[in-house]
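Listed below are the structures to be examined.
Shared chain: subunit A. Partners: subunit B in the first complex, subunit C in the second.
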Partner chain A sequence: MLRKGILLGLACVMLMGLVVFAQEPVTIEFWHSMSSGHQPYLVDLVNKFMEEYPYITVNLTYQGGYGDTEDKVEASVVAGTPPTMVQLYENVITPLVEVLYPIGPHMTQAEKDDILDGLVPNNTFDGVLVSVPWNKSIMVLYYRSDLIATPPTTWEEFAIMAADLTVDVDGDGVIDRYGTGLRPYNPELFLNYLIQNGGTILNDDWSAVTIGDQKGVEAMQYAESLVPSSYISSGYLSDAVGQDLVAMFVDTSAGYYYNHKAAVDNGFELACARVPAGPVNNSSAIQGTNLVVFDMGQTQAQKDAAVLLARFLIRPENTVAWSLRGGYLPVVKSAYENQDWLDFLADNPDYVVMSEAMIDGFAQILHPNYGLMRGAIGSAFEEVILAASSAVDAMANLVLDLTDLLEY
Partner chain B sequence: MASIRSARYYTLRVVATRVFLYVLLIAGSAIMLLPFFWMVTTSLKSSFEVMQMPPQWIPSTFRWSNYAEAWSVAPFGRYFFNSFFMAITTTIGEVITTIMAAYAFAKMKFFGKNVLFSILLATLMIPGQMLLIPNYVTINRLGWFDTYQALIIPWLASVFGIFLLRQFFRSIPDELMDSARIDGCGRFRFLWRIVVPLSKPAIMTVALLKFLGSWNSFQWVLLMTNREAMRTVPVGLMSFRSEVGTAYELLMAAAVLAIIPVLILFFFTQKQFIQGVARTGIK
Partner chain C sequence: MRRKLRIPDHWKYRTFWLESGQAYLYLFPAFLILAVFTFYPFFSAFRLSLYKWSAIHPPGTYVGLGNYAKIFADRHFWNAVWNTFYYVAISVPVTLFLALLVANLLNKPLRMRAFARTSFFLAYITPLVAVAMVWSWMYDWRYGVLNYLLGFLGIDLINWLMDPKFAMLAVIIMSVWRFVGYQAIILLAGLQNIDQMYYDAAKVDGASPFRTWWHVTIPLLTPQIFFVFIMSMIGSFKVFTEIYVLFSGQPGPLKSAETLVYYILRIGRFDGNLLGRAAAASIFLFAVIFAFTLIQLFFTQRKVHYQ
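Right, the complex of A and B next:
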């Protein structure tokens, strides 16, 4: 009888403990820019998260494209009502660091070490991992494998091949297909050339503009030399592929679905390769955003829940699931050894190329005015591509523009 | 003989002029209608046909399923309801406030009238982009964020509408007011019983422009709402675009659906709208 009573008492205490220490329900807001093409996959992942953490409710809110989302985040920060979590580019994160809740200190060392090396520096501010990479893509070379047996591997090969593939098929004096395609306002394409030539935008301590030095001018001159062989389009190059207007072009891996579909729908074959190497390397631009958690009025429970969600989304199996369905690339090293990813690569060799490129890609600089700098770089590139300025003049003006943006 | 020849010449000239005018008008109409034609035909194409060069004007098969697919991408039923609700309430609200404000500026005398009107006009010079963040802060502080109040109340008045109607009301003779006063009519009654009926074309113009503006409102709705239940059709159209590609055929299908209410409205109000444009001189 006594034993039964003690056991009953212990059971009551345990039950009370469960009740007392059960997690309080918490709701967080996650603002994202994933439109209908990617949103269902994000919803699946978040539902999976909420099943694992039933006390957490995640309100997913689509806020438009990256620009619209950034405008809204800016307005919400001024109003003092930002969401719990949002996806942002690094340069947008930089001026917000003081109102963010760093994610890194709440991750295990193994989790932090697992993030791809190239993605850590641009998520680290004053030595602290503030944000984590999420929907990342890399620039690769798309080429018509029905026209090109072996893709070019150097700048020189690319330029020669682009010229050779620029053809007037029906002999009417009008070029029917160009060797390559260029989108005028494409800063990342120029930055590929800059980095591959060993150039930089700014010096290490951001006190001087270095993009206008000899390496930068050479990079712009190389872009200028491609113009006669280039289909110039402000629209997506997937459109040009579908119309048999380009034989190869450099574009983001996130556009793979659209590029590939445009080619296949029109009876063409499209494959991927590493971007051609410049004199120094064949690194290409990593694009995509990172997850941040705000610390402006959010409760500790909300911040902790958001950190859990960020860590969940970059778990190897989840970043693989996101990549498999969303066209992005995994952001942690162990994901590249995940069996689902390896099986996917076996069936999709183009993604092998993307995976390799991701390992040594380069990301944005963290300068607070990088958004404006990127705009200036894009405008300079556009002027050269549209023959409104020579490479030398465009770079000289660009240096002046960037110098004005050094102060912040 | 000479008179017969000159009559024939005159007839020929009239016919030639008419033919030339009709050709010009038909060509102009064709140019204006071409984008709509392209929108409708693209909405019925497959993604493969959308980007064909040379352009494929008529789809090889009519994919009506694009409309069903576009409708299912986002809760367009709710978006249409919100668009209608927002457009109708803001239109009614603006018409009422604009009529009263325009009448005051056109027919009443009060201290600082001209200065006040100048200040109102000056606000038209401020780019809307500059006001987005201050307005966002204001809406938040009022507790209206993600509510119908945020979508409707800020849009219940329009300086442009006030200016437009003020110009029209000024053309109404003051003697009418004098006669009405003799018969015991006060200002309020004069406004609604005499001025408004006389100003129907201009008021319809203001109403139609407001409806269009509210129906097409994108950035304000995107900024002021979070929940899908509060969003409108233009925001819903964003669902078909991404940073790396666009589903054009679905986007065009949704755009056709979005434009139908506007076309119906214009069909029934075009006479008054054209009269209003002609009489107020707006282009």
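Right, the complex of A and C next:
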């Protein structure tokens, strides 16, 4: 009996030792770009994570805007001392894949299947889920519900309604309110038109530029046709809404707070709808960053801890908490059935639209030069919107610019 | 017959070596700072311009002059070159001319002269970002004070920040306003150093005020004019912040205000990661500034008069 007790005691001690060994303290660096507005919510989530995994300490460090963070990450990679975890855009991830620790192979199949379909390709490199989506927003149609009873659902309806709503109220020859508003440099808006028309930027293996084909030209011509009914401003269109200058416009869901506030503060009503559908679909652009884990001098314990944090942050309840407080949209399917999210939708019908759009949205391509390609697309769009070039000519020049950027 | 090598006499003295050593010792910190923050980055940029950049395997793949060929074939690069020259060609002489007028004015026995000098200088010491933001409001198409004032002259509304024809002009106007006071103060210092005897002599000779200004003031002010001209030209070739703030992080409508520095930052930092091409454009900009400075040195030094 005594011998059994001693053996049991020894076994318990060994087991405890194993547990202690498995939970050896580990510290990871998490670089992010969430400024004062969003930072408290991220801190709360990370604190919750550290409560659940008390042996992990997360040093959360704000690195400035996305561009600043990218610069610092690049400098740290050159120095061979990158942080354990960072939030980055897809095209920034592509040239770094070689030194990243893929998160996907350390997730359960159920977790991987739960990620929104539109967000899987832009986190997958050579068939492996390397990163996971994090703070995401989507483009939707904002419309003055005090002027528009039923929002347009197709390109044609949108164009007709925009023309009808462009009015010179006092008859002085100056348009007082435009049917829609356009920011000249708006690559995502053009990409909406392109994808909705069945077009693509590049072919599958990135060996050729396809944006200049018939579908691309038609997409640009559609944008061109909207110019006479558009208030054109380089600033955010929330200002124009507040000044009663536009009746409807397409913008990111991340701008919801500002657009809504500008309208309400000036006595107008603003609502959201899906972007009008093109000939092929009504998919719209998803924007935002993803989480990556570095494998460049990090210990196995650090990489494991970072993977745990990434998995934790995209759990349904956490992506919902992040979205509710941070203004983004959940990145996993099950989050859209989460009771907190459903309760939120019941009180905020505009977010129903955003949720629906998110399910079938499209994300950016992974080409390392996508940043410059995006810039070139924005410039071509700008040339057309400012009537400096025809849609056909702008697309021809765009093809030349993108061809120069194919090589990486 | 071979000449025999002769050691200079002063090399034989210990004091020469001590004094020289001391001088180099004093120069060493400045040289170190220059070496680390100026010479090394310059040579590093030149080396980088010959590579296709890779952060993982820096500096990347050697491409020779490939980056130069790429930027020379890029229409946006030439657009940036044109915009930069346009900015320099207008802003430098206009600022200098206005600064000369202001300096002459401030040199007169005016009431509240100290206040006027401070006011002109205030534009220069105010943070550029704040200045650019205020100007962006003044340039506002519908509500800006500039269009309001132009309205009194019967001039139609100008969309300063959205019309490609006026975007660079908007940058130039703001820039001229900002630097006139600074240049005027430097020129004023020069004016006050001109000996009164030259003016007395001109008066005795019966010279008119304009002839005195043209034949006495201007020649004796050439050291300051030359300094201001060179420095403002170098600064103007590197214009960036004004554009970045005035156009909310964009290079103006249709890239109408994209200068070379903006182009370098856009392809190497804002939109992309083509550091090799960005370095090649930087070397090009250096060569342009260097060439222009040499030309200025050559032509203007002949005209500089010292008292």
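Heads up, the rule we're going with is that the second predicted complex is superposed on the first by the 390 of 408 C-alpha atoms of A that agree within 3 Å, B and C clash if a C-alpha of one lies under 4 Å from a C-alpha of the other, contacts with A are read in each partner's own complex, and residues count from 1 in each chain.
Note that contacts are C-beta pairs under 8 Å (C-beta built on N, C-alpha and C of every residue); 3 or more make two chains touch, one makes a residue touch a chain.
Not measured: the values here are computed from a predicted model.
In the superposed pair of complexes, A:Gly375 makes contact with subunit C only, with no contact to subunit B. When both complexes are overlaid on chain A, the residue A:Ser36 reaches subunit B alone and has no touch with subunit C. Of the two partner chains placed around the shared chain by superposition, neither subunit B nor subunit C is touched by A:Leu226.
Within the superposed three-chain model, A:Val99 lies in touch with subunit C and out of touch with subunit B [touch as defined at top]. Within the superposed three-chain model, A:Tyr257 lies in touch with subunit B and out of touch with subunit C [touch as defined at top]. Comparing subunit C and subunit B on the residues of subunit A they touch gives the larger count to B. Contacts of A:Asp265 after superposition: subunit B is touched, whereas subunit C is not reached. In the overlay built on the shared chain, the residue A:Asp71 is in contact with subunit B and with subunit C.
Legend: residue contacts after superposition of the two complexes on their common chain; A:Tyr185 is shown touching subunit C, with no touch to subunit B. According to the touch criterion, the shared surface of subunit A, contacted by subunit B in one complex and subunit C in the other, consists of residues 71, 74, 78.
The touching residues of subunit A, when paired with subunit B in their complex, are 29, 31, 33-39, 59, 61-66, 68, 71-72, 74-76, 78-81, 236, 238-239, 242-245, 252, 254-255, 257-258, 261-262, 265-266, 327.
Touching subunit A in their complex are the following residues of subunit B: 46-48, 51-53, 73-74, 132-133, 136-137, 140-141, 145, 219, 222-223, 226-228, 235, 238-247. Interface of subunit A with subunit C (complex): residues 67, 71, 74, 77-78, 92, 95-96, 98-99, 184-185, 232-235, 368-369, 371-372, 374-375, 379, 382-383, 386, 388, 397, 401, 404-405.
For subunit C in complex with subunit A, the residues that touch the partner chain are 54-56, 58, 70, 73-76, 161-162, 164, 247-248, 250, 253-255, 266-267, 269-274.
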